[in-house]
């Protein structure tokens, strides 16, 4: 019974298959024949000259009549449309214009118009496509209204049409687009614009203040493509946008236009972005930087955990100052000479100066997993401890054990490992002995080389509930907001209120709304001197601040609703708290020489907050002289009074070491939400809190080499 | 005066017929080859005065054609390459091999005519 | 008393089989429906727009195609050539010579005028040491990069490529796959079409290239394979790719991306640590891990699937090779399923845990075993004379007819969508295959699966079969 049913179904499908196949083949064949027949006719039409001899004219007229007859059959019309559309892609110039003319002469565009009125989305979009391809300019007003249709295929097609059919289409589109614009769509739109001859684009910076994040992104790309370098301030501002892609696009523009004023902001931005953007930043430094950036680059080259970043930093250093970064990896030491002897005897070294990748540990399993996973924070997301732990476990389980199945069967490996082990154990002893003497109350494990401290974090409750949504929102808009299906919102109101996200988390490295110790990168004990003695700021620390006034933002020409979101940013000048300048971060982490150099920069670009900050720097005896000079010059420049009162405080020895030692790689470090000043003030060597054995390693070396 | 013999190597039938029509209208004698093998046949029968070839064809690419003409046959027949967008590196290769000119798709027939006549003039 | 117990047992077994079959049928019916809808939708969506112009766009992302090669000296030059002539501007072909014993590297150096370049490799990244990195002196081959390294297996080679690539997306293919010229454009479209979710991986259809006419690196004519084994596989691929994956793709629960044609978002692939070199089912395993990664971070994502035929490859025509391949697949299945067993019916992983994983577990892994045992139990019952003939015949007929119907349905869709095998003779041959498959091909597959499971469960390690030092078996 049931079996019979299935068998019957099978038979039916079989028949259907044959029938379908025949139909398709027949259709193809018919079309091919028709094309062959029509080809001379079309060629004739296309190349007909009005002033040719009578014979040609007669043929022409006869053909025209014939064609009108043919066109009475719908199938012929369809074939002809198709033929014309195929041809459109192959010919250009004069011939193409005639093609379009022919299309309309033969009234084929009316068919397309009719399709626009269908209730099926496939028909509508096909109609739009045809009208677009054939550049039927008069269809513009009809198609334009589909631009925010909730059916995505229609919408996308209409957007393309609007931009293609009229030059002002792009402006209209950017003004009115409510839905998100996929990358693919952007590609296609740009393609259309690029096809225009003698195109005079509007100034795209006007749309940088749009509420639609994708419009901003697209505008950035257009600015770069059309080399409109009049949007410098807006670009700098956009560097602080949540969305990594926008950051990236802004960076690319900056790189393209070589805005020197961006140098400081991008350096400040560096720690908080993912690998791709970091490389972009380094590249840009290579183009707009000078030898004064060498300090920063040197830090990266030596301290970054990421191999690619290190290499890139080195190459940029060499770009800025040739031979400033010499290869120092894999250099022979006395201990290793024997090993090398053995090696060279076995087989010729493939590279004269590069040996087998050796030093990084296979011995230490656990470090592999988190490092493999957490090279850089990405998507502007905030890392959650609990999830991180689980991921680590999964990682450790799934990948680590297998990685260790490698049997690198060279003896050299083991010997180098042994050397490494010895050094490592030495260091370990150091650490343990220090720990014992200091009696750390922390739960931090001595071997805590995980970049993220795996302790239960009580602090960021709000962060936790924010972060998932936050992540999603940061990258892709609020759930359902930009989704095509939920288009309940009317066509004129923005679907998501970007202002809502921006209030809290606009700037990249805000930890969370709640007061959290160690807010932002950096450790509590290395908070800027001059803060409350506990070392903890009470308010969230804004890592980067725009260097210009918000009022200067250009107004967009047309806005659908609401105001440009930039205006919603709280005006920093009004906060009563200590204002932070980007230079604060930088000064914390550099050595004396670099500080001196940076001071000069600061005078050039500094403002009031920098000036105040300078006063804090007076406490450092090594740079005090230069600082006071800087205060004077900056004060003169800004017309400020000298000497705002600042609490005097000695830099403790601990902090001094810390100031020297902390590498530039400031990742998200979370600490227990403890305002216990005792805990924080403990002289726990900060390097350990930073995590990463390599930082400590580097720290150790630096400590030794530092004067 | 003898008609100039032009060989058109293009696998897109519609475009080929269009170009052929136009070229014939301009006074050339045109043969159409749809792939590399046909090209070889035609060239074997009679060496054209000028060849217009697409850069990518089944069995034989435009570059290989130029290579074949210049190196194997030792012919100096002018060759115009029709290239597709984004294929600039291939075009450069074609030139390295010995092509004389190129025109990119979408093709403007009038422009093609100008280039052809220019090439023939200088021969 | 004993009889009674036996009866109950029998009843029980019958019920189990019945339920299993019923669930399966429903599942397949749904799958068929979903895939059809997806096909139609895709068809309609794709007809709007010409994608070939995009290939040179300044916004087009960079793609690295990684092709591991081991002892491919015979065909490597041709294969690379075809890879170099794709219609896309911003891409790179990275051939990883995984310690070949023959003249693969030499041939490449000769044909493409390669010279060694200086380039550092991340010492932290676990993979076998690299002996050299080569680029061509000629501009026309500037897209080619050759990496020569010590033998470490396919996953290891792919990992090396992933790490060395500097592009946004990486594609992992078999070096002797034929890619159609527009393949990369489709891939980019698949990655870029979503605006609210991040596309972490894109998979495609593998088509059977046996007996097709391939000349100078291009597919000239599509023909039905002459070899019967290949024909069966063609039918199977059609079912699984067209119906199966299309359906899963529609509900975004695609679990596996074919190792012969899979593209990944490089950043995510790096973050999960690349392929796992310890398993033979690495192409499935990495997708699991990438999905898991995104789930755990709560980042909206999707895995896309391109139904257009873009990749053509040769399937095994030799029985032994086929059995080895399927054996390996089932071992890979088991390893991956076991490793990620916490996903089983775990709502935390959404559809992945509630649908895909159970499906894979029950149907792809368990079903062959059940069939095998079922077969023997039937024999047993026969011997014991307790077989319920009516029931048995009914169920067998049912399953049989359903299977045929399903295959024909798949064929039908194939014709409707792509109409590649147009000759009547071809369609009839395929129909014939569908009819005799349950007696010929299917038992083979079941046997290989059982063998694989047996080996794995009893820890007999054969790696990639006798091919571990010979080369990469087909993915």
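We call the chains A, B and C, going by the order they appear; numbering starts again at 1 in every chain.
The criterion applied here is as follows: a residue touches a chain if its C-beta (ideal position, glycine included) is under 8 Å from a C-beta of that chain, and two chains touch if they have at least 3 such contacts.
Note that the coordinates shown come from a computational prediction; the quantities given were computed from them, not determined experimentally.
Trainee: Most central chain by CA mean?
Mentor: A
Trainee: Pick the pair with more C-beta contacts: B-C or A-B?
Mentor: Ranking B-C and A-B by C-beta contacts puts A-B first.
Trainee: Suppose each chain is reduced to the average of its Cα coordinates; what separation in Å results between chain A and chain C?
Mentor: Here the centre of chain C sits 32 Å away from the centre of chain A.
Trainee: Indicate the whole-number Å distance between the mean C-alpha point of chain A and the mean C-alpha point of chain B.
Mentor: That pair's centroid distance is 45 Å.
Trainee: Enumerate the residues of chain C that touch no fewer than two other chains.
Mentor: 53
Trainee: Residues of chain A touching 2+ other chains?
Mentor: Where chain A meets two or more other chains at a single residue, that happens at 89.
Trainee: Which residue numbers or ranges of chain B touch two or more of the other chains?
Mentor: Not one residue of chain B touches more than one other chain, so the list is empty.
Trainee: Which positions of chain C touch chain A when the two form their complex?
Mentor: Its residues touching chain A are 44-45, 47-50, 53-54, 57-60, 118, 120-126, 128-129, 131-132, 168, 188-189, 191-198, 267, 270-273, 276-279, 289, 292-293, 296-300, 339-340, 394, 397-398, 400-402, 404-405, 408-409, 411-412, 415-416, 419, 422, 424, 427, 431.
Trainee: Residues of chain A touching chain C in their complex?
Mentor: 2-7, 9-10, 13-14, 16-18, 20-21, 24-25, 89, 121-122, 125-126, 128-129, 153, 156-157, 160, 179-188, 190-191, 194, 214, 221, 225, 274-276, 307-308, 311, 350-351, 354, 356-360, 362, 368-369, 371-375, 378-379, 381, 387, 390-391, 394-395, 397-399, 401-403, 405-406, 408, 468, 471-472, 475-477, 479, 482-483
Trainee: Flag every residue of chain B that touches chain A in the complex, lowest number first.
Mentor: Those residues of chain B that touch chain A are 12-15, 17-18, 21-22, 25, 105-111.
Trainee: Where on chain C is chain B touching in the complex?
Mentor: Against chain B, chain C makes touches at 52-53, 55-56, 85, 87-89, 139-140, 142, 181, 215-216, 218, 220.
Trainee: Once bound in the complex, which stretches of chain A touch chain B?
Mentor: On the chain A side, the touching residues are 35-36, 39-40, 42-44, 46-47, 83, 86-96.
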